[in-house]
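Next come two complexes, and both contain chain A; in the first it sits with chain B, in the second with chain C.
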Partner chain A sequence: MNAGLSLEQAPPLSVPLRFFLSAPLFGLAAAGLLLWRGPDVLASRWSAGALALSHLLALGVLSMVMCGALWQMLPVLAGVRVAQPRRTGALCHSLLVLGTLTLASGFLGAGQNAFRVAVLLLGLGLGAFLTVMGHALIRAPHAQDSVRGMRWALLGLAGTVGLGVTLGLGHGGLGLPLWRWPLTDLHLAWGLLGWIATLIAVVAWQVVPMFQMTPPYPLRMRRWLAAGLFVLLGWHSLAVWRGWPLARLPALLLALVLAALALITLRLLSRRRRKVADVSLAFWRVGMRALLLASVIGAASLLASPTAAARLALAATLLFLLGFALSVVNGMLYKIVPFLVWLHLQQRLATRIEVRHSIVLPNMKSIVPEKRSRQQFALHLAALLLLLLGVLLPTLLRPAAALWLADFALLEWNLVQGVLCYRAECRHIDHYR
Partner chain B sequence: MLTNFLIADHRDCDALFATAENAASDGDHATASTAFAGFEAAMARHLSIEENVLFPEFEARSGMAGGPTAVMRMEHEQMRAMMLQMRRALDGRELDDFLGLGETLHILIQQHNMKEEQMLYPMCENALADSAQALLERMRAY
Partner chain C sequence: MAMAATEVNLDVRGLPPCEPLEQILAGCHQLVPGQRLRALVSREPLPLFPLLEQRGFAWRVVALAEGRCELLVWRAGDRQAAEVG
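Up next is the complex of A and B:
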């Protein structure tokens, strides 16, 4: 009975970790690109450098972590185990890594073939991811708000990939170059809102009340937000595509919904019952403030004159990617990675019955020391502020890039420390007499 | 009905945990110790209600003795071990250790509760619909 239900604790540790450990390396690549090419990269969102940079961040950093986390979260949230996690995880991960690198090289001038290969790799990798996760979510025996929300997020990703593949084939000389302008805008909108914002919202209403002991998110928001974003995006897409009147209305409504998500989250966080201020909370707060600001600036860009609109849209996009999504993802990593290390050590220890009461495992705060994660948070904040100033004063962009480099390096270092701690403790457990 | 009672019990335990943790992070050892004792008692009661009342009933009716409840029982053991370590840290006035262990226990409990609240309790509710009232009274009186 109920064969779909599994309350097992987790897939093998290597499955999510390979995604988590790769992400900061793509961040380093993105920061390195900005440092190397300088302010020209952000002179226009159409520049090759800007496109390479945004895909290194959106695919290599954000989607990388989000995909890895879903492998971990589905069994807990939906009671479904993903089939063959080790094999499918490794496959999606390697295709995503190679595809993102090839795509970035295509934008940086590696030629049409790079785009063709990138489309193939990313189409296969993300297609496989969507198939595996979609299959698990359809089977989920208990369709809670979060399961429904995740289904919308996966549809958002599917839309983004579909548009991206079309655009990529165009770059590869195989498709429709004519429609590049509206398609690019729609690809961006679906990626940022239909995939990234939707998934983060769903995760937020699950983990914010849980980790910080806040009141729950309003029921109406949990029930309608993900579907609402999807419908508004559909309306926006048709309006852009068919040149409908009032095309800006759905875009303004999208900004309004995201601003509401940010404000409600900030309000809930201020009413939390746990007073211990951990670094994850700091990341969430910065992330939600950035989302609020990005929504306001994004809305302003819709109403501004064309020259001002381009700058405002760039600022809103940067704030969204680096201020909102990256901050939240970064904060989550500091909860997930130490906990998973501890959980897997605990399971390993449980198999050594004769010594399990003699060994004391490290707790989460000694697996990744709070002091180091605080230092990384400070770097993250400084880099974010300098980058935003850099939109106004481009000479600041190189120093900002240098700070991002240090920021991602320290994040990677902190995560690697967690893994090294895991290895050392495993040896300790295995050889303890 | 069962679900609501057990979820409310989870929240009560959470509240006691937060009080102990908040006091410990303020360095208030006495308050932390009292609140943590309350948490230990509430948790002990909640875990044994599940293990001695709810799970046996569910296992008997559904025939799933080695399935979801076995995982839940194992996680209960993990929690008990963590609480013991926290008690030792508190008695030894190692408040930093207490907080580090607390963070770990907190996430362990929350992901456990999520599985119970979203999956196991609704399953119990289905399997035990006809005896829910009697069960609820046994749990209340426990």
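Up next is the complex of A and C:
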């Protein structure tokens, strides 16, 4: 049986790379905003700066990488082709870039029109992404745990976008009331848990055993985690919306599920067969410890007094976004980008039949130098710790932002090195005599 | 009656990406007519298939327990290697 991928199914390298290379630039914008506006940005979750910052991170960095990765992973994991990847990828990427910038400018005072344009751009861009990916996933022949999980994650994104568009229209003054509570809380819950946490979990149980050489995730977890998260998320949403009693119970259970995901991943990482530690492993470990801490602090915020709850919720959200999601995404980029470069070089080499045995391609480890990625990890860790301390001592927020700026600049530099390596090797292959 | 094909065995379980793919590709290029490669892999190596196709190889995947597979590879058109057991 020659089932699997055909050459046409894998997207061109430019499709995921355009998303991956854009993400650190939005990180630079977010860090620059914190450096410019200082502690006021994190004074309240309702501050304009906090909303701009959170969307630059959640849309510009995290969703940017996750969307790019799905373009690549769907053919590999699900054995299904995404329609016209070059064209649809460029369209979704452009709309996501422009929409995120316009939305951030709206929060920073550019007026109602900015929100209207942002809603249009993001609604179209993410709507197109959901349509293309949803269509591919419905046709996926491999009905594995990952395919089912990705379907849940796309549903989470659809819920987040729907709530976000409603809120955005409210900001844009288009007839709908700007009903911040509970819609904002639900938008946040669906975005963080239904989209980001679900997709990271689904991707984790493929890439952690594959790249870190660990035993597989427990079958029950792979089968039920995504669906379980959605049952709890639905319960939480209805409880918040309808004012049901015990509204905190589903939120506490959600924290428990995420803590279990973190603990199981950390346990698997400690049992990896290959004992050589690389920078990707370091990012995964920090990410999962941050998820564990975010779950504990998030649960504590549900039981604390209103004043303490606001601070605890802010710390849990920062830990989730920067400690968990950003660390894991960073760790994945350092595996996915070298792997894609290697794979596309192998494909290119195969076209030069007469010289393909004479050319030795670089191995994955040399495509993005480990030393530089280690330096970026150190910056990332220092920025994260300083930022968390900054929740208690706001004077530390500007130094944290400066470190964060350096962190994203070095990440971009390292990813560009991978692209430059690809170009140099392509020239070598094409001109070898 | 056709001669029995010989097999080259390779166990790449437990190797980090992209070493399994590199070793399988290197092993395939050593195949002589009538010979095929039998590789034990930790999971179905989907990214490998376009590379095999480009290089003129055919393959068959046999699923084993816990997601592991056995991959059989031979030169496309080599019926002797393809038809054995």
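Everything that follows uses one rule, which is that the second predicted complex is superposed on the first by the 422 of 433 C-alpha atoms of A that agree within 3 Å, B and C clash if a C-alpha of one lies under 4 Å from a C-alpha of the other, contacts with A are read in each partner's own complex, and residues count from 1 in each chain.
Definition applied: contacts are C-beta pairs under 8 Å (C-beta built on N, C-alpha and C of every residue); 3 or more make two chains touch, one makes a residue touch a chain.
Computed from a predicted model, the values in this text were never measured in an experiment.
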item: Partner chain(s) touched by A:213 [first = chain B, second = chain C, both, neither]; value: both
item: Chain B versus chain C as contact partner of A:392, first or second or both or neither; value: neither
item: Touching partner for A:141 - first (chain B), second (chain C), both, neither; value: first
item: First (chain B), second (chain C), both or neither touched by A:274; value: both
item: Partner chain(s) touched by A:342 [first = chain B, second = chain C, both, neither]; value: both
item: First (chain B), second (chain C), both or neither touched by A:360; value: first
item: Which of chain B and chain C A:246 touches, first, second, both or neither; value: neither
item: First, second, both or neither for A:351, with chain B first and chain C second; value: second
item: Intersection of chain A interface sets (partners chain B, chain C); value: 1-2, 5-7, 9, 76-77, 79, 210-211, 213, 273-274, 335, 339, 342-343, 346, 350, 363-364
item: Chain A partner contacts - residues on chain C that touch it in the complex; value: 14, 16-18, 21-22, 25, 29, 42-44, 46-47, 49-51, 53-55, 58-61, 66-67
item: Chain B - residues contacting chain A, complex; value: 14-15, 18, 21-22, 25-26, 62-64, 67-68, 71-72, 74-75, 78, 85, 96-97, 99-101, 103-104, 106-108, 110-111, 113-115, 118-120, 122-123
item: Parts of chain A lying in touch with chain C, wherever the complex brings them together; value: 1-7, 9-10, 75-77, 79, 209-211, 213, 216, 273-274, 335, 339, 342-343, 346-347, 350-351, 357, 363-364
item: List of chain A residues in touch with chain B within their complex; value: 1-2, 5-9, 76-77, 79, 141-142, 144, 206, 210-211, 213, 273-276, 278, 335, 338-339, 342-343, 346, 350, 360, 363-366
